[in-house]
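Working notes, structure below.
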């Protein structure tokens, strides 16, 4: 089993006909994802990469019964795309787009919450359920089916961990990149709760970074004796100078929370195993799940 | 028993220190209503008519644990007062104010709905649970405790019916004036459902008027064999000339609904007893509940 | 508050909604000047009512001479009871298609609703009934307004997808205009697609919420009662008054009660001369003012005052009635029904002044119809 | 994007938030003119950093002569690395109380938050820590904005009820300004109550969301990197660059990965000369541009490129690296780690060009630190 996404998930792509949308739709299909529809306003009725294109998400959902969407539209239009998906009855929205204005996201997130829909991202690599399906941009070849859940705020570091684990013979259930923006959909806490309830997941790797206090909240609210599975934690940005901004506003250090020290301490206090490097993360995870998964890599 | 309001209800008055607020608070107290607090921003800490005054509804609710509020503030500020009450955790809001701009009310009503709070009004006379408590402006002396529920869109016609019934020895459980504005809180359907579930109410008088289609909806959705209690219906405005309407938008939206004929027909079809005059309403109600209630008038 | 076509178009223009160039003319000569400046024009009667076209209130003029003739014919016409005092002269459009775009408050949904149809023009109501699917609706969340994807969806549902880029800003501006003016109804009909591919509002309607007038004190709308001196006077007195065609002057508090009083008068064989609601909490002066207004109507043969006080107090009503009777020297029978808040004090005051109030509305209606009939004999 | 005090005050004024009268001076003589026109003035260094007062960047001048002396002292100062090129001269205020009013985006609550305190001034952060109850907060619904009752409640909770009538419009205007400019942070501190009972914004801060700049193309903020030529150059090249104090130039894709690369360099005994994130989906030209920038930094003794492609493609990165190596004539060691999307093609291209990519970030960090150390010997 896995969380959020499975082989049977019917996937829509918003911005299908764009450059990024096209490239990654091909990759998703190559991974086995059931891409049932695309949306590009004004191109309804055509077919792109063998996928039927609709003018609106409402129409696409009505016809294709898509449940999950991947959003690859440019930043000025991405928040609107998120809300369109939520209003049309999509259950899981994965927004890859980077650079969405924060006020747009604040509104879109409130909208999504009102609609009772799950949002992953924005500015995230998406998610993969190893060996089953992928929505987003995580490279196909690094994933391997197994028993480790991954949740991460950093896109590229997620790939490092997945690859490291796969190479060590330690496969994954689902790998979720929740995104690095200040205003996000699913938080660490929410994804960790899903892993907690997933029978197939035997250990969880959690990759945080400086800024915000989602890691602290997850440590306090979810991780701990009741969690019942080993959590291996890692925080990047430990040597970042305080106060300087590092790319995403997500890395702005605010008050006493948000520092690497505060996050590491909270994770330790909650009983997570905290590591210094990705190599250590891999080693600790392999140790935690006992022996390497026997499933073949793909 | 009764609906919505009882002797034990803790009542707040917004606009307590104003002319109307003062006059009707005295009347409400005279009827036995437990007025526990008033709100007048800037007058917090004082006492008016023996009632402690607060600056904000949040503070008033925290201290007084008020559950019901009566709003007597001027129209330009009334929608804000409604939302303040909803946000502060008031369970039932009764807005007497007349002349609130419709866009203000459209927003306030959406706010109240989101908060899961009941709103009666605006532009309504409020409600009385006979012999127990009153919020609003229905004259005290006309009510008499008994077994008839009243729900009405017209303020003054409500009084006619209450007085007519009381004089015929036929008392009431609760009399609710839902208000005559185009944008309202509780509809006929919602109040009728409450009466349906109220063991003490043995018959319901429903006073509608031309415009909108709340009466039609109530007839279709709530009244009927499942209702289990006699409904005596009356529609005012049967001889009113058709309105001078500008444009087509209204007609596109409401089509043929809203006329007295459409409402009377819907009520008849649902099995309600439809009357031509208030005197007939009284006679039909007395007949429906069998014999006059034996409770003393008050 | 309603507006004339040219007033609506001024607001459209200010809100960024394209309208044809035009000029107002009060005389045929002004129409000639407009035609000289604008070329071929449509000359349109400015009255606060629909159906002008069918009534002959809209004519095309290709030349200044034609404009003079057309304007002469239209100015001075009476359309649905309104005398035409002004015509709007605007550049004639080469129209290839006509759409409908409107906004109103949907009282059942309790939300603003945008309405778009590819089949615009005069017959939109028929379209709504015969081809409901040709009318696309969007109920906007009152806090969020119409969101970009909702507007896109509305346009595609109306079958106007290819015009999406042009239509979306139109719709957004219409909504913004409605919000900023507290519009109960706002319509662009027809919304015309011209030969050069542009969209233009060739006719428009706007009605503003009277309750929100305090936010728009600088707005001046069409005076839609200027042909009825009593309605105009009632407006000045801030009374809710509608002229009817009977002979019993009716004054009451609350729309439902007044409507019911009209019904009762009719049941008793009379007909009301008017609807007059003094509202909630009226003071003696308001009652006085209302009586003065009704008494000035030569059609009125009897007056019925029906008050059931909640927020309105019986003593105030009684004082108003007594003062007015004394000041006005009423010559028609006056019947008062008074009950509710401060009923006892009010009734006592009336009794002292020689007026015996009735206790039920039916009785009062019966009496006033009888007395008026006797007085007319 | 950040703004200097006077730029912020211009926007406050345009939004209806009262500010003291003032003039910008670039020379002591201009300050003399300002004092002549305005009377007693405060002369304030214009730098995009806090703590000006403590650094001596704010002085009072009662006369034009005093203004000349004060401006002479402040102009040319360096405050937190920024050279003072302009001073803002504004009418000195007779202040009786100082409040704090601010707005920021609360990432945990995922909402804008308004902050009001009766204890304003420089020590607001200390107040927040020592007397949290003295800081009233209002999380505004992002669609509704702060509602009138919420603003009233905020004011009463801050203990400023008696100033409600004056403060509420201030708060509404601040929020409207934040929304219209996509402000991440906007502050009035102090918000001063003057002797005559008025409220005035005597200092202000504004920072705008870089992601929303496309909506504000006409806005010009403070150039907060003009004293660091490399940061200025990076900005021109639209690269996310931060100068650090080590000697290993670091280029990577994704903030988390770059931050981790800094951590790894430090673990291997080196120190990074910079943070440079080429972002997602970077093309060869971007990689080329980034390498050119880093290579122009004389502190850089070795360069580490760490790419794990998702949306970024390995072949594009390889092409950028190869072209840049050829064009720039690199003299410092270059270590590349490349994996992820189109990894094979990228690695093949690099191999063909004589660059052997490393397969792990740890190995790459280790190698570049070693090579830089050897090269420095």
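Observations, loosely collected:
Which chain is which? They are A, B, C and D, in the order written, and residues in each are numbered from 1.
Going forward, a contact is a pair of C-beta atoms (placed from the backbone, for glycine too) under 8 Å apart; a residue touches a chain by one contact, two chains touch by 3 or more.
Model, not experiment: these values are computed from the prediction.
For the pair chain C and chain D, the distance between mean C-alpha positions equals 56 Å.
The centroid of the Cα atoms in chain A and the matching centroid in chain D are 28 Å apart.
Multi-chain contact residues of chain B, defined as those touching 2 or more other chains: 111.
Residue positions of chain C with contacts to 2 or more other chains are 143-144.
Taken as a graph of touching chains, this assembly fits none of the simple shapes: it is neither a line, a ring, a star nor a complete graph. The set of touching chain pairs reads A-C, A-D, B-C, B-D, C-D, using the touch definition from the header. Here chain B touches chain D in the complex through residues 41-42, 44, 55-59, 77, 80-81, 83-84, 87, 111, going by the rule given at the top. Only residues 143-144 of chain D touch chain C when the two sit together in their complex. Here chain D touches chain B in the complex through residues 144, 147-150, 152-153, 156, 161-162, 164, going by the rule given at the top. Within the complex, the chain B residues that touch chain C are 20, 24, 27, 75-76, 96, 98-104, 106-107, 109-111, 125, 136-139, 141-142, 152-157, 159-160, 163, 180, 182-184, 207, 209-214, 217, 236-241, 244, 246-255, 276-279.
Those residues of chain D whose C-beta lies close enough to touch chain A in the complex are 105, 107-108, 110-112, 141-143, 179, 182, 184, 209-212, 214-215, 240, 242, 244, 252-260, 262-264, 266-267, 272, 275, 277, 279-281, 308-311, 339-341, 343, 360-362.
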